[in-house]
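Presented sequentially are two complexes of chain A, the first with chain B as partner and the second with chain C.
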Partner chain A sequence: MRLELGYVLINDVQFGEVTKIEKGVLFVNKSELINLIKEDEHLKSVDVEIARPGESVRITPVKDVIEPRVKLEGEGGIFPGVLSKVQTVGSGKTNVLKGCAVVTTGKIVGFQEGIIDMTGPGADYTPFSKLNNVVLVCEPIDGLKQHDHERAIRFAGLKATQYLAEAAIDIEADTVEVYETLPLLQGINAYPDLPKVAYVLMLQSQGLMHDTYVYGVDAKQIVPTVLYPTELMDGAIISGNCVSACDKNTTYHHLNNPVIHDLFKQHGKEINFVGVIITNENVYLADKERSSDWAAKIAEFMGLDGVIVSQEGFGNPDTDLIMNCKKIEAKGIKTVIITDEYAGRDGASQSLADADKAADAVVTGGNANEVIVLPPMDKVIGTLDYSDIIAGGFDGSLSKDGTITVEIQAITGATNEMGFNKMSVTGF
Partner chain B sequence: MAKYRVVHYINQFFAGIGGEEKAGHRPEVREKIVGPGLALNAGFKGEAEIVATVVCGDSYFNENLEEAKKEILGMVKKYNPDLFVAGPAFNAGRYGVACGTIADAVQSELGIPSISGMYIENPGADMFKSKTYIISTRDSAAGMRDAVAKLVPLALKLVKKEPIGSPEEEGYLERGIRKNYFAEQRGSERAVDMLINKLKGEEFTTEYPMPNFDRVEPNSAIKVLNEATIALVTSGGIVPKGNPDHIEASSASKYGKYDIEGIEDLTEDTFETAHGGYDPVYANKDADRVLPVDVLRDLEKEGKIGKLHRYYYATVGNGTSVANAKSYAAEFSKELKQDGVDAVILTST
Partner chain C sequence: MVKEVERAGIPVVHICTVVPISLTVGANRIVPAIAIPHPLGDPKLDPKDEKALRRKLVEKALEALCTEVDGQTVFDK
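Take a look at the complex of A and B:
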């Protein structure tokens, strides 16, 4: 399967008469976009704002971040099984609006998640402070049930992304990258002397605000299976979760999965990257056993020499992570795991809820309990009403002047477990 | 400028009194530099000076722990030092435990910066490395020069309250304090490099060495259930509606104790969850799903259990550090025992 990704570089986003891309600027017809999103009868009000890198803007609570992409050639469309028909994606040509994203915000359940600061100390912790963000502020109709509300906001983000991405259909990409993965046996024969490596991608599937969708299927309902890496680049997997925003994979992360990109960089040189195994993180023990058994079984069946496992979330999923690692290592397959830590605000506590000596190669995205002071911003998109009760916040987190003292846990993507960021932890 | 005052602690062997046969030697203080103190004092190059040396036998210290500690603390206090150095103990196990104990005590009880030195496998190292700085030394006194070279600069930094670098930079044993930093490469790239090294059989360094995992043995079973008082404890965040104690959705900094006398059933109007780590819809609709008060009331009526304890304890497990969780449980377990509770049903989520 071969996919050509055309990067259309976006340096700025502005409101304009017509939605279009011109010389690196994305112009957005605000009322047209609002009317499109408001078609959903579950939404009472919709507003659109723009937040650019370096501006004194705080976006919170953030639900999802999505990169606009549009399919030019090849089977299917972006977000198959959700916005497009459920055809297999990942081949042909796709244009990407690089440098911008759609961010969704609004009250969802009891606990509101995710802060993106576009400047100041908090901006260093989230990759989304470097993007030109089109922010959707959506309020639900009165009495809407939480599950329906969550779905409405999720679709609003996807639809807005699709709308913006269509502006790139006739635009020539600034740079083009090609990614190709062969069917397994051919792939193995292509580099017979290199170690065969796959990526085990764990998907959050613990319930409302803790869900992920694969071709439109709730990941709670899947059993581990294999994907071509390029399927993810066309939106095969989307996020439905954001609680404890620091280590939840937004849809942006799935589209730009850093493990996939970095494995491709070494493909044909040091390793033979043969594919992606996806698995879930259900809460029932039987599900955990089944999924980790199957992930290990598929790794063995593919004849792998090594895998990288990435986790999503913490606590309960720590057990899934360690089960995966233990069982895959037991098959004689070398394993590296990526996680993050909850070592307490003082960093002195045990970092994970589970441990095993087989997990001897660990990459960490940071201690999520570390506290940060986020100074007030000139403008808040969304609301600060929930700062005291977001995961990572505490009584008194929000000061009168708008300063927020929180654990970095509250910052969207801060300790990402796909290894999207540079942060790590060292022992003192 | 006045020199910093140092009190040095050594055992009977390093004081030249004798080996195992003299290990019962009682604590004594000498107002001079003794044995390894010579190398240490020379290392300070005039910036600090050993004003007294405390000598104690290893057996005496370990067999009379509290008494020896008290005696030695009194001796140290008298000299009003700026710094306390214990050892180095190298690989001598009981000496290491003594050095760790006394360095920790001087630091925590007298507020005087303390430091020791040990071989990494010394049992005292594991016991005390999180409490006091311990320089990593070789396994015998042949490593004294190396030890002094690392110990002196770190000791002076402690006295001057200067920032302390990483274990690699300063040469101390890692204390288990996790601190964030921005690495050169992103995490995924580090993972790919680590995997390539692992596949080649080359050296790689894990970023999180696995801890010794704490497993709790279950208590023995209750013999007479129909007379037992059963309490409910949960990390599922069930709290009276409105979360009166403001228990955090994640990384809880506290727990709550709530009266359920006369309550037969938890309803949507009276209880809810404060937990941010799971879908709260079902727990908010019926909190008995997490904290089974209704079922225990039934068992009470049926005479299957003696009674349900009047109070339940709740915190939020989500992202709450193990150290905090342990301290909450240590506190309320005492109350549960005092209140005559025979057994606890601990529910998670």
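Take a look at the complex of A and C:
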């Protein structure tokens, strides 16, 4: 499966008469976009704001971040099984609006959404402070249940990115990258001397709005399976998560998965990157056992020499992570796991809820309990009402002048477990 | 908590959904629970069946408490 990604570089976003891209500027017809999102009868009001890198702007509570992409050639459309028909994606040509994103906000659960600061110390912790963000501020109709609210906001974000991405249909990309993965047997034969490596991608699926969707299927209901890496680049996996902001994988992360991009960089040189195994993080022990058994079984079946496993979230998913690691290692396949830590504010507590000797190669995205002081911003998109109860916040987090003292847990993407952040540690 | 109470000489049964974590932290008597969001019940059952399920769990835990163990034991039969 071969995909050409055309990067259309976006340096600025502005409101304009017509939605279009001109010389690296994305112009957005605000009322047209609002009317499109307001078609959903679950939303009472919709507003659109723009937040650019370096501006004194705080966006909170953030639900999801999504990158606009549009399919030019090849089967299916972006977000298959959700916005497009459920056809297999990942081949042909796709244009990407690089440098901008759609950010959805909403007090769905209140404490389980995040903060994006566009400047100041908090901006260093989130990759999304470097993007030109089109922010959707949506209010639900009165009495709307949380699940329906989450769904409405999820679709609002996806629809907005689809609308913006269409502006890139006739635009020539600034740079083009090609990614290709061969069918397994051909792929193995292509580099017989290199170690065969796959990526085990764990998807948050604890339910109660801790959900991820694969081709439209709730990931709770999948058993582990194999994807071509390029399928993810076309939106095969989307986030429906209201969980701690620092280590949830937003849809932007899934589209730009850095583990996949790094494995492609080494493909044919140091390793033979043969594919992606996806698995879930369910709340029943039987599901955890079955999914980790199957992830290990598929890794063995593919004849792998090594895997990289990435986790999403923390707490009981630590067990899924360790079970995957232990069972894959037991098949004689080397593993590296990527996680983050909840080691207390002083870093002295045990980092993970579970552990095993087999987990002897660990990459961390940082300690989510570290405390940071976020100075006030000139403008807040969304509301500060939840700063005291946001995951990572505490009573007294929000000062009168708008300063927020929180654990970095509250910052969207701060300790991302795909490594889409700057923090890590070296240990021996 | 499990370990501290046992250190004081009082046997403990840990009713817990994620048995591997219970094993890692060192509980000696482990009774598997239903699910993480609802360890001691199941909202999908009707109230009568759920009560029966809960009673069974408690009885199993009491039985475990009265059972001599030689190291970590999961009561999953």
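Rule of thumb we're sticking to: the second predicted complex is superposed on the first by the 421 of 428 C-alpha atoms of A that agree within 3 Å, B and C clash if a C-alpha of one lies under 4 Å from a C-alpha of the other, contacts with A are read in each partner's own complex, and residues count from 1 in each chain.
Here, contacts are C-beta pairs under 8 Å (C-beta built on N, C-alpha and C of every residue); 3 or more make two chains touch, one makes a residue touch a chain.
This one's a predicted model, so the numbers in the text were calculated from it and none came from an experiment.
Q: Could you check whether chain B and chain C clash or fit when both are placed on chain A?
A: Verdict on chain A: clash between chain B and chain C.
Q: With both complexes overlaid on chain A, does A:Tyr284 touch chain B (first), chain C (second), both or neither?
A: The answer is second: A:Tyr284 touches chain C but not chain B.
Q: Which partner reaches more residues of chain A, chain B or chain C?
A: Between chain B and chain C, B touches the greater number of residues in chain A.
Q: Determine, under the contact definition given at the top, whether A:Thr319 touches first (chain B), second (chain C), both, or neither.
A: second
Q: Let me test your reading of the model: by the given contact rule, A:Asp354 touches which partner, first (chain B), second (chain C), both or neither?
A: Both partners, chain B and chain C.
Q: With the two structures laid over each other on chain A, which partner does A:Leu208 touch: chain B (first), chain C (second), both, or neither?
A: both
Q: Is A:Pro258 touching anything from chain B or chain C once the two structures are fitted on A? First, second, both or neither.
A: It touches chain B, and chain C stays clear.
Q: Looking at the overlay, what does A:Val363 touch: chain B (first), chain C (second), both, or neither?
A: So A:Val363 only meets chain B here.
Q: Let me test your reading of the model: by the given contact rule, A:Thr105 touches which partner, first (chain B), second (chain C), both or neither?
A: neither
Q: Considering only the contact definition stated at the top, list the common interface residues of chain A for chain B and chain C.
A: 206-208, 283, 316, 354-356
Q: Residues of chain A touching chain B in their complex?
A: 109-111, 124, 146-147, 195, 197, 206-210, 243-244, 258-259, 261-263, 265-266, 270-271, 283, 305-308, 310, 314-316, 334, 336, 338-339, 341-352, 354-357, 359-370, 388-395, 407-409, 416-428
Q: Quick one: which bits of chain C touch chain A in the complex? Just the residue numbers, please.
A: Touching chain A: residues 17-21, 24, 32, 34-37 of chain C.
Q: Any idea which chain A residues touch chain C in the complex?
A: Chain A residues touching chain C: 206-208, 283-285, 288, 316, 318-319, 322-323, 353-356.
Q: Applying the document's contact rule, which stretches of chain B touch chain A when the two form their complex?
A: These residues of chain B touch chain A: 130, 164, 166-167, 174-192, 194-196, 198-199, 204, 206-211, 213-214, 246, 248-251, 253, 272, 276-281, 284, 317-324, 349.
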